[in-house]
Structures are given as C-alpha cells and as structure tokens.
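In the two complexes below, chain A is the common chain; its partner is chain B in one and chain C in the other.
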Partner chain A sequence: MLYGWKGKILRVDLADKKVVKQDLPEEWMKKYMGGRGIMTKIMWDEVGPEVDPFSPGNKLIFGTGPLEGTPLGQGRISIQTKHPKKFIGEGGAAGFWAPNLKFAGYDFLVIEQKSNTPVYILIDDDKVEIRDAIHLWGKDNHETDKLLRQELGQEFVTSTIGPANEKLVANSKVFFEASYCGCRGCGEIMGDKKLKAVAVHGTGGVKIKDPEGYLRAYRRLLKCSSISEGRGEPTNLTHTILMSNSLIRNFNEMGWFHAYNGQRGRVENAPSEMDLLENYLVKPSTSFCCTSPSCGARYLVKEGKYAGIEGVQREGSPGYGASTLGGLTSWSTLLKFKHLCDRYGMDTLMVLYTVSWAMECYQRGIITKEDTDGIEIKWGDDDIVVKLTEMIGRREGFGDILANGAQKAAEIIGRGSENYLLTIKGREIDEQPKQASYQTTLFEAVCEGGPDHTRWFPAYGTNPKLLPKDLSLPYDPLTPFNPLSPEGKAAFVKYRYDRGALIEDLPTCMAMHKGESLWDITYWLDIYNATTGADCTAEEFVKIGERTVNLERAYIVREGFRREDDTIPRRMLEEPLIDIGLPPVGQNNLDIMLDEYYTLRGWDVKTAIPTEEKLRELDLDFTIDDLKQLR
Partner chain B sequence: MKKRIYVFDDICSGCANCLMWCAFANKGEFNRAYAKIQLARDGVDGRFNIPMVNCTGAGCDTRNEKGEPLCVEMCPTGALVYTDAEDAYKKRIELQQSREAQPLFKLIAPWKWPFPWREWPKKG
Partner chain C sequence: MCVMWPTTSGKKYVYVNYVFPVATMTGKEREAINLEGIETISDLISRLDEKYTGIKDLFMPPDDIFNVRTGITLRRGQRARGIGDPGEKIEEGDIITLW
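And now, the complex of A and B:
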C-alpha cells in the first residue's frame, strides 16, 4: 500500500444528485502522481472534444496529491475544467480547503453534470450531501463564507463563487475561505453548474511511510529555500515577506510593465511596497503550513473614501496593474479594486486587461461616450477603475460588454479594437514581460493552460556562481541572463516547465522551488519517497513532469489547438516599446524559439502535435489513436 | 528558569505549522487529533489566528540544534518561542520597539529574521 494518497475519488453528480466514492487506481498514482497529472488523465478519458465547455458534460475537478495534508503540501489545491476557450482551464489556490479534503479521506473531487437550482456540497468526513443553496445565491464570497460557517460550524472550510460567477463573467475564479483564489475560468464553469459552494471538514490525518526521512528532507528543503541562509534567489530580501509586491518598483525600473495597455514599458510613479507595508498591512496571513512568514498579509485601509475595507493582499496583480491602467499610485484604490474583485469573484487580471483595453480604445476614439453610457474612461483615473470594476461585477451597462472578457468585447465593438487586445488563446495575459524577456514570451505562447506564469515559476535563472562546477544542466545557465535573444530559450523553458508540472503534481507551492532545489531533484524525490514509500527512481520521477505536460498538450491538440495558436499578442509581436528602447519580439524570433521548443519536446514542428514516438516513450499510448487522425 | 512555549499571537500567520508538527512529533503522523496545540482561526481574511498551547516541551524529543521543539522550529514568523518567563518578557518589549524602527516587524519577529534589515527612511 502506498502512503500519502487517500486513494479515493469523490464524484458528485449534480443532475441526479448522486454521490459515488471511487478508488484511485494505484497505476495512476505512480504514473501521474496527482494534481495536474491525474486531473488531465480524467479529463482526457471523460471530457472529449465533442463536449461544449458550458454543457452538462464538462467536469470540474478539485485535485490534491500525495503531499497534500502534510506541511509541504502547503494547502495547494488545483482546479481543472475545460476552459470556456477550450484549452486546459487549470489553476491553483491555497488555504485550508485542500488539507481538509484529504483529512476527510479524498484525493479528488469531481463535479459532474449541472444542477437546475443553486446547490452546495457538504463534505464532513464520510458524510457527503448535496444541499439547497437558494438562500446563498446572489451573495458575495465574504457573505457566502460567513453564512455557511454560521450554518455548519466554524470548523468548516469553504470554496465559494460570487455573483460575478453566477452571471458568467469571463475567467472568474473559485474562492477558498473567501480570500485564496486562482483557477481563472473555473469559477465561470462552477457558476454555470449552479454550484455555489463546497464546504469541507475532515478529522483524519495523513500517514507518512518514513517520518524520520520526511523530517530530514523537509529541513534540507527549508534550508535551501531560505533567504536567511544566503543561498536563495537573486531578488531583494523583502521578497520573502511581501512576495510579488516587493518587485513592483524593480519591474518599473526595468521597463517590464505593460503600461498603458502595453504601449509603454514604464510609468512615472509606481506604487511603492514600502507604502503598502507601512500604511496598509497590519498582520501576517498565510496558507496551510506555508513557510513564508507572510505570503499574504492582512490589509486595512484606515483613511480616505475607502476607509474600513479589509482583506488579504496576496498577489501582485493590483500593484502591477496600476501601470497597465495608466499609472495609478494610490494603494487604497488598488486595494479597493482587489477587494471588489474578491467579493464578486472576478479575476483581477481579466478586469485589468479588459479595462486597460477599453481605455486605449477610448484614447484612440474607437470607443466613445456613446458606447460607455456617457462615462469618460481616461488613463489613470482612480474612480473610473473602481466604477468599471463594479459595473463588470454586476454586468451593468458598458460593464456588461466588458464582462465577456477583452476578446469577446472586441468582437462586439469591432472597429479595429481587436488590434489592442492583450490576449493569448483568447484569455487575458498575465503581468510578465514580453519584449523584454524572450523566455517568458516563449512560455506564455506555448502554455497549455493559457498565459499563466505560475505554471513554470521561476522565470529567471540561477546565479551561475552558485551552481556546482560538475553540474550538467540541459540548458546553458547563462541563457536566462540574455533575455533579448531567442537562442537557447527553448531548453530553459522546457526544463522549468517540466519541473513546474512535477511541483504541481506533488503538490507544493511554486515559491518553494528555489535555490539548489531548482536543479537537484533529490530535494523533491526524497520527500516524495519518504511520504509515499513508492521507491521512485530519479529518472522515473522527472518523467512524471514531462508526461503531465505532454498529456496536457495531447488534450488541447484534440480540442483543435495547433502551432498557430501558440503565439503572443499582436502588439508585443509587432510594436516596439519606444520609451525603454526595445524592439518588438518579431514573428521571426518567435518562430526560431517555437521550432527549437517543439523539436526538443519531440513534437511535430509544423503542427505542435506530439509524435507517436514521444507518446510511447512516456507511456501515453492511449492517446496515439486519437492524435493519429488529427495529423 | 523553567522553559515553556510562549505565543505572540499578533504575528501569528495562522499557518498551522505548529500543530501539524506537534502531531508529527507525537505520533509520526500529520493529524490534528494528536496535537497539543489548537489553532483558533478565522480563515476569512486572516481575521484572527491564535495558537492555544499549554506545554513545557517535556517529553518532546524531536528538537533542533538550538534545543527547540518542532512547533517552534517550524514557525515561519517567530510567533512561537521556547523560553523562560524573563526572556519572554524581554522579547515582547523587543518586538514592540523594533516595529517603530522597521514596519516589517508587524509581520515577523526580529529573533526569527535577524539579518540586517535596511533602515527605514525617516519621515519628512
């Protein structure tokens, strides 16, 4: 018997109101491990290309892995579905929900079919019920969480959706404990299924095969990722405490922003993380067993017109987005924006890039006051950003058009507005540099889950001075430090992406992926073997990550994605960033990187379909027949 | 003086590392039922996180090189301290005073993160 996993998949059919507990095949544990790997396998088997994302046939999967429920699992949960744009809709979040699912005795929760009326699911160890949620429908994430815990007890942990998800606002997210969120697009499907919440409480635990080995491996990993040991990352010290927020000013100095919807690389004044820390943050707050002291921190706006709002500032989006929207500097506005997104259940990136697109169209006279119900949407206007966010969340007036996401909104408006879209595979990009960093460009182009840098973090290289002399890496360690050349980027991206998939299969937090653990696989292998007793070899272990990525690629190929979909927004491909003097990426450079990437991966260069040989090598034989017809 | 576990709950991040590792030290399994520590926690927005513990560390053999039990070793902010009453009092004063010089100590403890932080700019 393998430790770590609970060995159970919980299936809930919302139409027939049926609950089935199914065994998780041991073969899957060894082959796909957990998280993204097993979820993609379920999707491949059960959600074919004939299934429309908004039909009852689409499924929503909540997935954990063998390490979840142990400290290294760090509360990570992955959610996967067929994204409304048909690629792999997958995203991670954290909190106490995932460990509670494990403690209740399940590794995976699969939501099937659709309900006619709003429902929520209650999981209390063995007891699983589908309950009526009419009283919760229309309530925001905070209210829903509060009401549910009043109803069920404080010990319950919730995942909820807000009113924006109910109205199918594009790319909306699933929220855990009303503050941890991720999974851009999964919330939309959850809303479509009329599933308002899943409340979980578990009283069990996770047994460890070799406790001493686990502790040894965990201490070693802690030491390697700890900045206080002086072996960490080439970022500033505050990165440990404030995470992405600490890099806002660095991004601005480097010209890495998509300022004014990507027209420039920097803004005059970026919001300062020191201001955030000194005047807004009040208390640390993290996910289950996080090793960072304050990956998210509790904020409180003390004065001004937004006085009194509070919540958890966990991601960089609001701070980075300040430039995208034309140089906002006030944290109280940015926190209000984040607060609104949290309450409604929206994706901050979707709102950011859709609003910034509208602002540019307004600047160019493509959109006028006639389209916007008389509102002037000018760059850097704090009040308009807050107002539009509310309108999108409620689908009111012009907000109803924007709520469809930037791409659909551009289709509705027309008039050449699509030229200013910052979308990849139909979804809004995230705040990673493109013209200034070719490795990020390549990754965001090829990523099976749409643009999402968290699937391959970190995007920067390791200081070559820290690398052992006898180490041989599959990429040139200097490559990432030469970000304006297409050369060698493919090998770097492939290496980090495969490793990222492995990290998310375990699962653990990408932020643990630091220092020596970036190249020394034993950091992860030791802890995996100590937990599960699987006696996995390093060779087989690394293969799990590659297998995950290849299966994901096979899935989106079957959905119709080909090489031409692996691209970046037109603007980044064709327009220079004049203010920081950077040329556009250029189709030519992108093609060089793509050719090299597909070749390295063992995929067909013309179509980006994995070759039969590669699929056999990775024991993915069951995909061969389906893909053969598509070649 | 006699050592015990002291809690500075205003810098507790609510991560539950302490109770999971306490259970691990007791039974080699990550299970809340085996922990001597309870966490009073309101997950939404981290409204409150209060570890509740009454423990002198007696009988807990899994220690690090500093002699700290696992719950203290694995606390990422420094909210848990294994010490005597006099030192705990000193630490409380130290924490309050260090906040005036460096707002990061709203989130972390200087004894856990002792490396030299950049001086905070003076106002005005």
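And now, the complex of A and C:
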C-alpha cells in the first residue's frame, strides 16, 4: 500500500498515439521524493545532450509529489523540459489541475515525441485518450479552457497553451485553468509538440499513512504562517490577495527596480497597490486548499479604453515592470498588458525585458523607426507597450523579432545592442538590480533553471531575535541583512536553494515556506513522514533537496554549462546604479561568491562541475562517468 | 494613480509611506510628519499611534521583538535600507516606509 504517492507514471507518446502506465520506482520516491527531483532523474536518463530541445526526443513532464492531493500540496504542479536554451526548463503553478492528476491515479505525466497535427490529451481516471484539437488551434488560453470544459464537462480542469506558444514565442508558459501559469519555456516546447491542452478529471483520493500526525503537523504549520500568530514573516500580511504587488511602492523606495531597463533603480511614481485593490480587484482567487488565504484576485477594468477586460492577477511582474518600461502608472494599461500575455500564453517577464531592451536601444539610436515598422518606441508610452505586446503575441512585423526573446533579438539587430540585455543563461531576468543585493546576484547567477526567483524565494532572512539560542544555522543569520558585501553569501544561498528544491519535491507552495518553517525543517519533515509513513531523519530529508540541486547541476553541465555561464547581465557587473548610489557588482565580487559557493557545494571551482566525491556522497554515482569525460 | 508628497513649508518633516495593509489603517498612502519631539523610529511609531490606533502594537508588539510581522524601510538621500532597531535615529527629509 502506497501513501502520499500514487506510484504511477503516465506516459503519452504523441507520435505513435500510445499510452503507457508505468510504476514509479520506489527507489526514486526515497531518493528524489517527487517534483523537480524525479523529473530531473527522468530527464537525465532519457533526454541526453544529443537531443535538440525542438526535436521529438525532448520530453515535457508534468510532476507532482507525495504531498500533492493532500491539503498541503496546495495544488502545486511542476513542469520540466529541456529549455530551448538547453538548461533545465522548469517551473511551477498552482490551481486544481495537479490534485486532479493525483486523484486520477498518476504522480507524473510524461509527454513524448511530437504530433503532426494539433491534439489534446484527456485523462478521466483510468481513461486516457489523445484527441484531435484542430478546432482549438489558434484559440487563446481563455477560449481554449472554456471550449474544452463545454465539450468535456465543467468537472474537467485544463492545462493549455495559447497562440503565442503555437508560434514558438520565446519562454512562453503553460497555463492552468486559464489562470495559473508558470514554467517559462515549457509552453514553447508544448507548442512545438502540437499539444494544445491536457484536460484532467480524477475521482480517487490520496491516502495518508498517519492522519492524526498529519493534522498535528498541519496545524503547527498553519500557526507558523498565520497572519495573526505567525512570527518573523512580514509578507504574511502583505501577500494576501495582492501577492507581490503589495510591495511595489516599497521596492521603489528601496531602489529595487530595473527601471528604464536597469539604467536606474527607481521611478518617480510607482503604481499604487491601493489603487489596484480599490479600483480593479473584484474578488479573491485561490488554489487547492490554499491557506494564504488567497494567492491572487480576479480583476476587472471597469472604465476607459480597456473597459471590460477581466482575468486573474497573481504575479507582481506587471506592476514591477511598470518601472522597467519607463514609469507606467496606469493599472488599466498594466492589466491590459497582463491580459494579453495570459491570453496569448506569453511570459510577462520575457515581454517586459525584451520590450525594455528595445526601448533602450531606441533611446540610444541603435534601433530606429526603420527597424520598428515606423513605430516610435519611447519610454513610458502606454499605447506602445500594448501595441508591441500584441505584435509579439502575433509575431507581426517588429514583434516577430522581439518574439524570439531579448537575446536572440539582439543577435538579429547587432550594433552593440547586446550590451543592454538583461538576461542570464539567455533568459530574461527577474527581481531586483543585482547592484542592490549580492545574495540575489549569487542566487540568479548559479540557478540551474535560468534566472528564477521562485527557486530561492525569499532572499531575506529571519529576524535573528526570533531564532532559538541553541539553533545552529549553516549561515550567519545576519548575512542577508548585509546585502552589499560578497562575504558569507554562499552559505546562505546554498541553504536556501537546497531547501527550495526540497519544498518543490514535496511539493508545496514556496509562499508557505517562510517564518519559522524556513529554518526549522521539522515542520516539513513531520508532514512528509505522516503522509508517506517514511521514517526519514532530518539529515536524510535535507539531503534530498541537495541531491535534486546536484542532479540538476549535473544535467546542465552535461549540456555544456560551466562556471562562465553562472553570471549576471553585463550592465550589473560593470555599471553603477547612479540614482540609488550603488557601485557595479564587479567581477571580483562575483568571483568571491562563486568560489565560496562551489567550494561549499563540493564542486570544482574552475568549472562548476560537481566532484566525484560529492556525487558519490549524494548517491548520484550514475552521473559520474558522463561528467568524468567533461572535466 | 500618482500621489505627490504634501508640501511642508517652514517646519522639519519626515515623510511616511503606508503600504498595504497599513494603508488600510491610515486611509492614506503617504503623509509628512512634523519632526518636533521625534528622534527615533520608536518615537515616530508612537506619534503615529496617536492618530492611527493599533500601529504601535503592529510594529512594536508587546513581546518587544521588533518587526515580527511587519517591515520598515528608511530612505535617506539616494540610499535605502531595512530597519531592525526601533532606536534608529531619523533625520529631516527621511522617507520611511511602513509595510
């Protein structure tokens, strides 16, 4: 009898139209737990360096873990593929899709090969079918979700792609219930496979080994993250409903914006979160068993030229991007931007940083009207932002160049435009100018999945006054509060990355991983053991997260990534942020942090390849021969 | 929606941003506070508590552990930083954000 896990991998071959139900190896459950860990194991075994991301051999994996389908799974789904830039393309989303996959009887769904014509997959408990989707091709995410539920019944939940994914717009995402999205780049591969949607309905449950123990651990965690009782976690209050939009004005004061494509740290006026709350948000929107109590909200634009648009807002990037694009303040425009990205299936960050790159190039005369189909792309122009977003989604005119993402667009344009890219490992960045926070510099530089703050969030530490006196942390708790020094950052970053991987292996929501549960791993260990009946020790538990990160590192090393790829945008290394009085990070400071990080990790300092000793210690012996040839 | 700072002719002021959910307690997003009688963050919070009852309990709870569920940032000139000490001195023109 399995508890937590369902013990099944569902494999769907889109070329041969075959469906195979395979047992999930017990060894994998123990070693990798679920989510990112098991998906990377599948990718390591089955998608080698010879596989081009856009070839039929690439795979797209939807993954859950032992907690999914129980309340603390929080509806989290993780998707993984070989990203078009060849690193680990992975990301998560919430909603109700993942618990339905578990209730239907599967922990993982692996999509293999490519279809010649558009298809969707139907999963209704034991029934699994590959169906024609020609009638859905070209429809946006909202329309596809609506049409599928009309066709199949309202009990089905969908993951879909939009027209931008079909046109292989860079970094496009997979959407769930036309609302929750993540997995930058996975949508592009889903479009390449001509898989328009996966509709799921499950009626089974997930068995918990020790329900009483689970309930005790659950209540303890709820208290830790409670708005009224939780301690050491300032975002408990602010993130409710508004999520990270709540901190837009605070971030502006701190100078934590990539304003004007990273030329400045703040703008004169940032969009007001109170304006969003009072005039645009109409009701909370939540996920499966979310305790936040809500991780987003439905919005409606009631007046003006965008009157009538509605959707769900649960990410901060449109509000944060207002500064990136030159100081937009109109929520009506920002929501229109978000609305377009969602319907087309685009990644808001890709669009933001590609458009802001184009705007800076235009400012500097590198790009002219001759490049832009006669369009003047000036900073802070609401109409131009909306127009360019539509052009990217449709791959029209100049939008066709931008739709390749900033890095490829710079290669096409040339003329020194690459100097203004805000990309890492070829993908657009997120979160905070690196000049303002050296831990963020290291976090983003070393990430195996390209720049992705959800893998290490949060970058701040717990108030040291709250930590028990006898607690031994592997980093100085004051380190995160000294963001402008390279010293000691490596230990903090390693700690957060390993914990982040563990949380996403369970999986649960990263927003639940805060306050006391950030440093007291027994919160999660008790839940894991009660759910699965495992008798895992804290030491073994933490090692699972570390193993996941090391396997991901081994994967990208095999793909050719080395130390020199663990970097940040040139601008942040070399240019000061004059308006907030910060010097450039400097290669020397980055090198100090990287040296320390690789050493702590047990990786070769020159190449960032995990050492044989470390791989053996983590029971990753099967990677040793492959990596030996690359040293 | 852009909100400008209030004018502050003649007197010494600090400027306070109220970010959600604090703004729901104050009914405003920002205001200038006369510095007379205020030397520290603690003094400022006490002054604000006279106008907005409950702010002191929120930011300086009775267990005396500062910022348990809230955050304070201070911007002086170009630079800004988080505040972890209620005894932190404040100066004319500082911009303090309560969140």
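The working rule: the second predicted complex is superposed on the first by the 620 of 631 C-alpha atoms of A that agree within 3 Å, B and C clash if a C-alpha of one lies under 4 Å from a C-alpha of the other, contacts with A are read in each partner's own complex, and residues count from 1 in each chain.
Here is the rule we go by: a residue touches a chain if its C-beta (ideal position, glycine included) is under 8 Å from a C-beta of that chain, and two chains touch if they have at least 3 such contacts.
Keep in mind that this is a model prediction, so the values were computed, not measured.
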Name the contact category of A:Thr286: first (chain B only), second (chain C only), both, or neither.
-> first
Who wins on chain A residues touched, chain B or chain C?
-> B
Determine, under the contact definition given at the top, whether A:Ile77 touches first (chain B), second (chain C), both, or neither.
-> neither
Based on the superposed arrangement, let me know which partner A:His142 touches: chain B (first), chain C (second), both, or neither?
-> first
State whether A:Thr329 touches chain B only (first), chain C only (second), both chains, or neither.
-> second
Where does A:Ser294 make contact in the superposed view: on chain B (first), on chain C (second), on both, or on neither?
-> first
Based on the superposed arrangement, let me know which partner A:Leu277 touches: chain B (first), chain C (second), both, or neither?
-> both
Touched partner set for A:Val386, first chain B, second chain C, both or neither | neither
Intersection of the chain A residues that touch chain B with those that touch chain C | 237-238, 274, 277
Flag every residue of chain C that touches chain A in the complex, lowest number first.
-> 1-3, 17, 19-21, 23-24, 29, 65-71, 73, 75, 77-82, 84, 95, 97, 99
Seen from chain A, its contact residues with chain C in the complex are 227, 230-234, 236-238, 240, 242, 246-247, 249-250, 253-255, 269, 271-275, 277, 329, 331, 460, 463, 465-466, 481, 579-582
Complex interface listing, chain B residues touching chain A = 10-17, 20-21, 23-24, 28-34, 42-47, 49, 62, 64, 70, 74, 76-78, 103-104, 106-108, 112-115, 117-118, 120-121
Give every residue of chain A touching chain B within the complex, in rising order.
-> 69-71, 95-96, 103, 142, 145-146, 154, 157, 177-179, 203-208, 211, 215, 219, 228, 237-238, 241, 274, 277-278, 281-294, 296-298, 310-312
